[in-house]
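Before anything else, here is the set of structures, which you'll find just below.
There are two complexes below, and they share subunit A, which is joined by subunit B in the first and by subunit C in the second.
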Partner chain A sequence: MSSRNPETTLPWRVRAAILLRLFAIQGAWNYETMMGNGVAFALEPALRLLPGGHRGEPFRQAMTRHSGYFNAHPYLAAVAVGALARAELDGVPVSQIERFRVAAPGPLGSVGDRLVWAGWLPFSSCVALLAFGLGLSPGGVVLVFLGTFNLLHLGLRIWGLNAGWSQGLDVAATLANPVLRQAPAYVARATALVAGMALPVAAHGIIGPGRVLLGGVLASVATGALIVTLLHGRLEGWRLATLALAAFVLFSMVR
Partner chain B sequence: MISIELVSLIPLGVLGAVLGLDAVSFPQAMLSRPIVASTLSGALIGQAGRGLVMGVALEFFALESMPFGASRYPEWGSASVVGGFLFAQAADGMAGAMTVAVLAALLTASAGGASMVLLRRANALGVRKQQAQSAQGSRNAVLALQLGGMTADLVRGGLLTFLALVVFVPLQRAVTATVTMAPTVSRAGVVAIASAVGLAAVWKVVHTTNGARWCLLGGLGVGFGIAASLQ
Partner chain C sequence: MTLEMFRIDDRLVHGQVVVGWGQPCALGFLVLVDDAVAQSAWEQDLYRMGVPPEMEIIFDTVVTATARLSEYRADCRTGMLITSDIDTMVRLAAALPDIRNVTVGGVHHKPGRIARARYIYLTPEEALRLQALAACGVTVVAQDVPQGAATPLDVLLRGEGPT
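The block that comes next holds the complex of A and B.
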């Protein structure tokens, strides 16, 4: 049964203030409450609409509730913030709000991590690497990367806040949306395709002309990638690379 | 002479501060990714193209580290400003310039990751100090923690960038003066190492998805074809 009151409204100024604050939701991230303080920070403009305003008892109780532990993907946290704002202004029982705060982080973190960090971010990087390899100007490459990545980033924040607000605590069903469930697999395939194209082209862009040299580099890349993959879980590739580069510099100096 | 150089590093410190803040605290728009941060760093001294080349090399490494929740990862924003500047200000064709710049950026990224852990612990300390006020539902406690954390992160990124440049600028000059390896070979070595890390990172992300292996292989085939046609 829906717990939403259709007459509750969120003025556009308050909505804009929440959206702006959502960009800073991890501003006080820590190992105890994680992004909990950020959730209270983002919700605060909406909570001021509670009876009594920011000096009232309902405001203080809500701030206490929401500054406790909370963790989710930073972009999809907008869904929770929208839902919690609606629940507080609708006067939903505290027990239901607390249950939502416990249940929401898992799915919001999991979907966000797969879709954004493991999907869209590497995809956007690879598109920009390909653009560089194909000779786009520095400004063009930067715009391609920022434009591609932030299309989803901004879209998720705005959609999340609106979906959370309109669905209230029933928003969990939104996360079962086929687009959100299946998108990570499609993005992974697209990332694989673009990465495959981008790696040799971008490598060529840095090294410049020289077929023999490029061939040697690409053979080394295949061997190196195999070693890094085999070492997965024991030593991160960038740490191994730091050691290799240090050895490379020392060798160059003493030879 | 030294004081003039330190003053000239201040704009880079400010850029490192802003981009370091973007990594986690605000606004997480990925301005801190090497391909952006290093290009901006190069552009600051009129060498956006060389900054971009360094950014591409570092982006291969960054593909491996995703900012998953509480995990520890390198901080690329400040590090890319350092790497981009070191490579952009080196004379074109200077032996070992790219190798030293990438190494400096990787070490800075590692130090940046460690500094973020310290910041998160400091934020936790702040939470404990404000516990009594937070329990009363104090709006001021929440705002103070949030703004304090962001300010500290800004200062962290700026200091890290500035200190890294103070250390690595003279070090780069000393090292490149003794390196005799041809610049092309130096670049090739860096690209081989960076691309290997990047390829392994992509494999790690996509290999569990049905059909993604074939997409990667197909893409590599097309990529080799394009690279060959660009020779």
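The block that comes next holds the complex of A and C.
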């Protein structure tokens, strides 16, 4: 689609600044522009390299362009940020850049949702549950979860920025990476395997060798399942999770 | 199963479609109707990468989608047809009277659009077009994901949709 200029370079200092800013890509998230402000914020160090620097008209126009609506997966948005930085510094026509800004978010969101939210997050949770069942301390369980989850999280951000920069707007080839295409299916199988190991071990960890708590645990699970089924379509998942968490905290305090 | 769902969503292929609807509804194919995308190879490549390997994605213009709808209806897999804007869906519905249900899944902010729900912003003209669609007997609802409630058009246009 676009011819990349091999002479365009991105200094390591600028690349590091973009990477650091990518962690705040949702910092100004809102329903109107979604992560548009964050994309402009992450791109800003690269856009300073445009003719005229940060006081120049190209910089101002590019910042305005990239502050508009943009909604992708926050981790894979790094691919778009890298590609947009390359396109801006290569002087790709604005019409192509704007078309890319419309077309790229959906596929990046789709790939990210399948790989991270529907794949790696449940997998990391099951690994942490297994660690809990095996008797790891609470702090250790948290560390196992954070370590597992962030392995992919950090990897995706670093890889995404580099891949986007090297491919420019021809980023479809990047998304054709077998890891992104096939990994969700393998991660789902791995999650099922780890969940199968973790659930009985964790249940044993909660209930203990006796069966005193078994009835209470089973009744709680059945009640929870009934409530979730009844609320289906009436209450969003995050609200339900917040209510459950609040009830748990309240119970812990009263107890 | 058949082509059952008709969705307006300016993001076209994205997580809510592929994961949110795709997994619980076992979507086997997506029909993306957009005159510009149907002419753009690189955009098609991009959208193709957004769907899982087991899901087929088909690119159509309004004209080709109209001609092939009976073929999609006869497909044994469950399918969803997506347009990125209201105009395209209105043109399709005018050509295909058997479209009886349309879901507005996402129309996002642009200058001139007013918030009707957290994921739907409409200009007064777009609101009128949706009302005209409903007046033709098409049931129009707003719903982003299957877990969310379907908001009827009149409720949505009163600004009482999901916030």
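Just so we're on the same page, the second predicted complex is superposed on the first by the 208 of 255 C-alpha atoms of A that agree within 3 Å, B and C clash if a C-alpha of one lies under 4 Å from a C-alpha of the other, contacts with A are read in each partner's own complex, and residues count from 1 in each chain.
The rule is simple: a contact is a pair of C-beta atoms (placed from the backbone, for glycine too) under 8 Å apart; a residue touches a chain by one contact, two chains touch by 3 or more.
Model, not experiment: these values are computed from the prediction.
Taking subunit B and subunit C in turn and counting the residues of subunit A each one touches, the greater count comes from B. Look at A:M34: by the touch rule set out above, it reaches both subunit B and subunit C. Of the two partner chains placed by superposition, only subunit C is touched by A:A103; subunit B is not.
Of the two partner chains placed by the overlay, only subunit B lies in contact with A:P200; subunit C stays clear of it. After overlaying the two complexes on the shared chain, residue contacts for A:A183 are found with neither subunit B nor subunit C.
Of the two partner chains placed by the overlay, subunit B and subunit C both lie in contact with A:A118.
Once chain A of one complex is fitted onto chain A of the other, the partner contacts of A:I227 are limited to subunit B, with no touch recorded for subunit C. In the superposition on chain A, no contact is made by A:L49 with either subunit B or subunit C. Of the two partner chains placed by superposition, only subunit B is touched by A:T191; subunit C is not. In the superposition on chain A, A:I158 makes contact with neither subunit B nor subunit C.
Judged by the document's definition of touching, subunit A residues 31-34, 71, 109, 113, 117-118, 185, 232, 236-237 lie at the interface with subunit B and also at the interface with subunit C.
Taken together, the subunit A residues at the contact with subunit B in this complex read 23-24, 26-34, 37-38, 40-41, 44, 54, 59-64, 67, 71, 74-75, 109, 113, 117-119, 121-122, 124-126, 128-129, 132-134, 138-139, 141-142, 145-146, 149-150, 153, 185, 188-211, 213-214, 216-218, 220-229, 232, 236-242, 244-246, 248-249, 252-253, 255. For subunit A in complex with subunit C, the touching residues are 1, 31-34, 69, 71, 73, 99, 103-114, 117-118, 169-173, 175-176, 180-182, 184-185, 232-234, 236-237.
Subunit B meets subunit A in the complex at residues 24-31, 33, 35-36, 39-40, 42-43, 48-49, 51-53, 56-57, 59-70, 74, 95-96, 99-100, 102-103, 106-107, 109-110, 120-121, 123-124, 126-128, 134-139, 141-143, 145-150, 153, 175, 178-181, 184-206, 209-213, 215-224, 226-228, 230-231.
Residues 11-19, 23, 37, 40, 42-43, 45-53, 108-110, 115, 118-119, 121, 146-149 of subunit C are the ones that touch subunit A when the two sit in their complex.
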